[in-house]
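What follows is subunit A paired twice: with subunit B in the first complex and subunit C in the second.
What follows is the complex of A and B.
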């Protein structure tokens, strides 16, 4: 009798094992399929545009006139690309300076008690919806810029500052976690030699966290590129080459602002999809760069 | 006596970890601190180099004299400069072997490249590691084997010329062969250094120690030369411990 039970038990295990693997494969396939569909549809909706506008003109042109008001249409998104890249880069730089300071404080200066109080606040900051950040941007940031003398207050700098605040939680928590780990692992050795605390933080914790910090910064750019709402609310949305105190418009905000009014299957509609495709490729490029860099850094370490 | 411990008591909050320990650490010898886990071995060691003084909720009573001078009159950094510590788990800095070796010396002001190179060779040779790594001093220290990493950590501790070296179970994370390498290294360092080794490996204590201190429940039960303690223990608790009744 027992032998039979053992046998069925074993069968059950095998069945569950097979089911399990099957379910997991199916779930994985679904997520890949979703990605494939996104890519497919964006390509399908974007490509018709290029029968009217050359890829080169689309990427390097600075005139954006999606509807013909007598002077003809034009689809050049160079300024939008530039704005997306510059706003994200600036935001990343601001956030890194601030975030690194905060991370060093949290990991090396703050006591366990302070850390336990501050970490939840950082997570809370990450949970604020971007439209709320946009509000704060309009109510606080733009007012300040207006007072300083920027016309209407909307500008690239305002957008970058706002975006940098949105990137902070991610940067701070990721960097301080890395630094904390490095500190706990490596600092006792230096301290046991009588080396000053802050000297060892500067010469061991920071250099050993450097790779992770770099990767975090690049991930942050990727995130910043796609951010739409808050940026749109404070950047002014004018097709101009981005300058610090001038208005501009990012790819994401063009799409968000104009998609609702674009006639389906019109060149305008296809152009917006094409702009989305460019944004997607940009982020994809950055992420590939990160993956490449990470692999190289890890291989160097191993 | 290199180090004299007088009436040392340590409290973690309310809990007493060490009770009125009075003993001495003889110069140029290896003193082994043995006892069952939780008996206060590590606490004793960290009391010696002042690490305990910086921890929160820890109260220290009694005094420790280094060459007759009270340790609490030295700054914590100065004290640790003189009394080095090697940890249980080897943790070389994530840099090259060479950078690991010059880190401390550079901090204490040695900048001359030739002098640094000489020092690296001398200390690595002392630690018995030089021949194994001399061709790739620029290799990342984390790529070394566990035993090599521990010897590097000992060499690194030597770079700042400590007078006393404390070792907290330096072999417990290592295999037999690496342990043997460390043991012979410690024996060879005796001429220039005073060492205190915490170990739960009694055979090891017997092989390398000149003096043995036996702690139990935070109290010093017995001390003496290795032969005295191992061959003719006086206290019944020591006898039981050595016989493996508890551990």
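What follows is the complex of A and C.
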């Protein structure tokens, strides 16, 4: 490594540079191939199911009887899809109320010094493993729900509250960044004209950050849907249509709970991959929607 | 005026509430778990009539580190080379946009789906069985975009002047990268890898059916299954109240590892920046 730092015709040095570049490009290719591999394997294991069950029945059916105990099998994941979507949506709404407020605080009320102290703590919160959230959810949150009178305490509301805390770090850091930019862009002018500080925050900074906030909130839904452990531990896991205080089960929790007992290459196994495929496609769909919206919004501004 | 006052109250109230949540999370786990932590807890294997209700968590700690190390090597290296490629080698703008959206797609894959992938590819097709390597690969794909995004940010924030000066002096691209770019970005890179490792260490979903088990000895090979802290915690909770003290202890250890490595990452990045 050390010898090659002046221009030289030495073939060896050129070869060395080429070799390094080659290795680097090969390793880069690995990371992009990873996506192709994941998508290929999920599709390959999911598709055999659809020779038995139609896609429509799979997506809209509400009966989930993966193993035949005499009454036949049924593969309908409608309730699971509904639970994934509703829990994530609720979590996003709860998280936005707190997250946006905190973002306003960090961008407009806190000084640069305070911000520099707070950000590492937000990173820390982002690093708390989901199983710890699930644990605290069980020993604290579910106890409260039980006292209020919810049977066993597990419910959709508990899951979405827990999930909303997990979304907070992402929402706060990304929204406060946007608001900070808008504040630096617009506030000096408003202040020069004698507008009250908090009035200009409410009427200028917030509305001008709206588009970016919306995109961040959509991204948060995508993240929430993939979350497995914390939700699974407090949602009760029963194949029911999600209601606020009722039990339900998300796509991710079905996979996590049943994959261990599914016999390889059985219809049950393929159905779980198909459920995974649906989950993955849902998240991709949301992300594509965001990319599309972002392009349109930015083009409009330019 | 009412509107502005409301916004102000909202901002302060939500910030205080979030700060309270952070303090509560850590205080709760540390206070409840402190009673369980002892030298035996950290160095013994799980014991008890209901396995794990007594004894320690040494195999889970060792297993978690092994899973994480596997993920860091398999995911960290391609992540950093991809970031280098994006910043220094990729000249076509369209390719850049394509690669960026590919990385975002990988980041969007739910971790449980990565577990499914590792199961069908590594456990079943390649015949590796449930082992550290299979689970570690799922974790590697999970932390790859996490590290890539941070590394790319660090590289693209380097002053262009420095890099162009290096080229002007006749240094090759590889030489510039190894002697100039990597050393000056090492603070951000190391902290990105540490945070990525924390992320991998806390993940349960990809391990459930690819390499994590309820009980094993301290792992000595990548080809064997191993215990992992988050999975152990999950199983302890699932066993009900008999294992609650050891569950608190396990949560304590996980949060302590998270706290220490986060602090190390922040301090290291700050120290390098000062220099």
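Just so it is clear, the second predicted complex is superposed on the first by the 273 of 302 C-alpha atoms of A that agree within 3 Å, B and C clash if a C-alpha of one lies under 4 Å from a C-alpha of the other, contacts with A are read in each partner's own complex, and residues count from 1 in each chain.
Everything that follows uses one rule, which is that a residue touches a chain if its C-beta (ideal position, glycine included) is under 8 Å from a C-beta of that chain, and two chains touch if they have at least 3 such contacts.
The structure presented is a predicted model; accordingly, all values stated were derived computationally and were not measured.
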### Task
Once the structures are superposed on A, label A:203 by its partner contacts, choosing first (subunit B), second (subunit C), both or neither.
both
### Message
For A:194, using the defined touch cut-off, is the partner it touches subunit B, subunit C, both, or neither? Pick first, second, both or neither.
### Response
first
### Query
Which chain, subunit B or subunit C, is in touch with more residues of subunit A?
C
### Message
Applying the document's definition of touch, where does A:30 land relative to subunit B and subunit C: first, second, both, or neither?
### Response
second
### Query
Looking at the overlay, does A:259 come into contact with subunit B only (first), subunit C only (second), both, or neither?
second
#### Entry: Partner chain(s) touched by A:241 [first = subunit B, second = subunit C, both, neither]
neither
### Query
Is A:43 in contact with subunit B, with subunit C, with both, or with neither (first, second, both, neither)?
neither
### Query
After superposition on the shared chain, which partner residues are touched by A:186: those of subunit B (first), subunit C (second), both, or neither?
first
### Task
Could you pull out which residues of subunit A sit against subunit B in one structure and against subunit C in the other?
196, 199, 203
### Summary
Interface with subunit A, subunit C side, in the complex: residues 1, 3-8, 10-15, 17-19, 21-22, 25, 28-29, 77-79, 81-82, 84-85, 89, 99, 101-106, 108-117, 119-121, 124, 141, 144, 148, 169-175, 178-179, 195, 198-199, 201-205, 208-209, 230-231, 233-234, 237, 244, 247, 251, 254-255, 258-259, 262, 266
### Query
What does subunit A use to touch subunit B in their complex?
182, 185-186, 188-196, 199, 203-204, 207-208, 301
### Query
Of all residues in subunit A, which touch subunit C in the complex?
1, 4-7, 13, 16-17, 20-21, 24-25, 27-28, 30-32, 34-35, 37-38, 41-42, 44-45, 97-102, 104-106, 108-109, 120-121, 123-125, 127-132, 134-136, 138-140, 165, 168, 172, 196, 198-199, 201-203, 206, 222, 225-229, 233, 252, 255-256, 259-260, 264, 272-273, 276, 279-280, 283-284, 287, 291
### Query
Which bits of subunit B are touching subunit A when the two form their complex?
49, 51, 76-82, 84-87, 91-95, 103-104, 107, 140, 142, 153, 156-157, 159-160
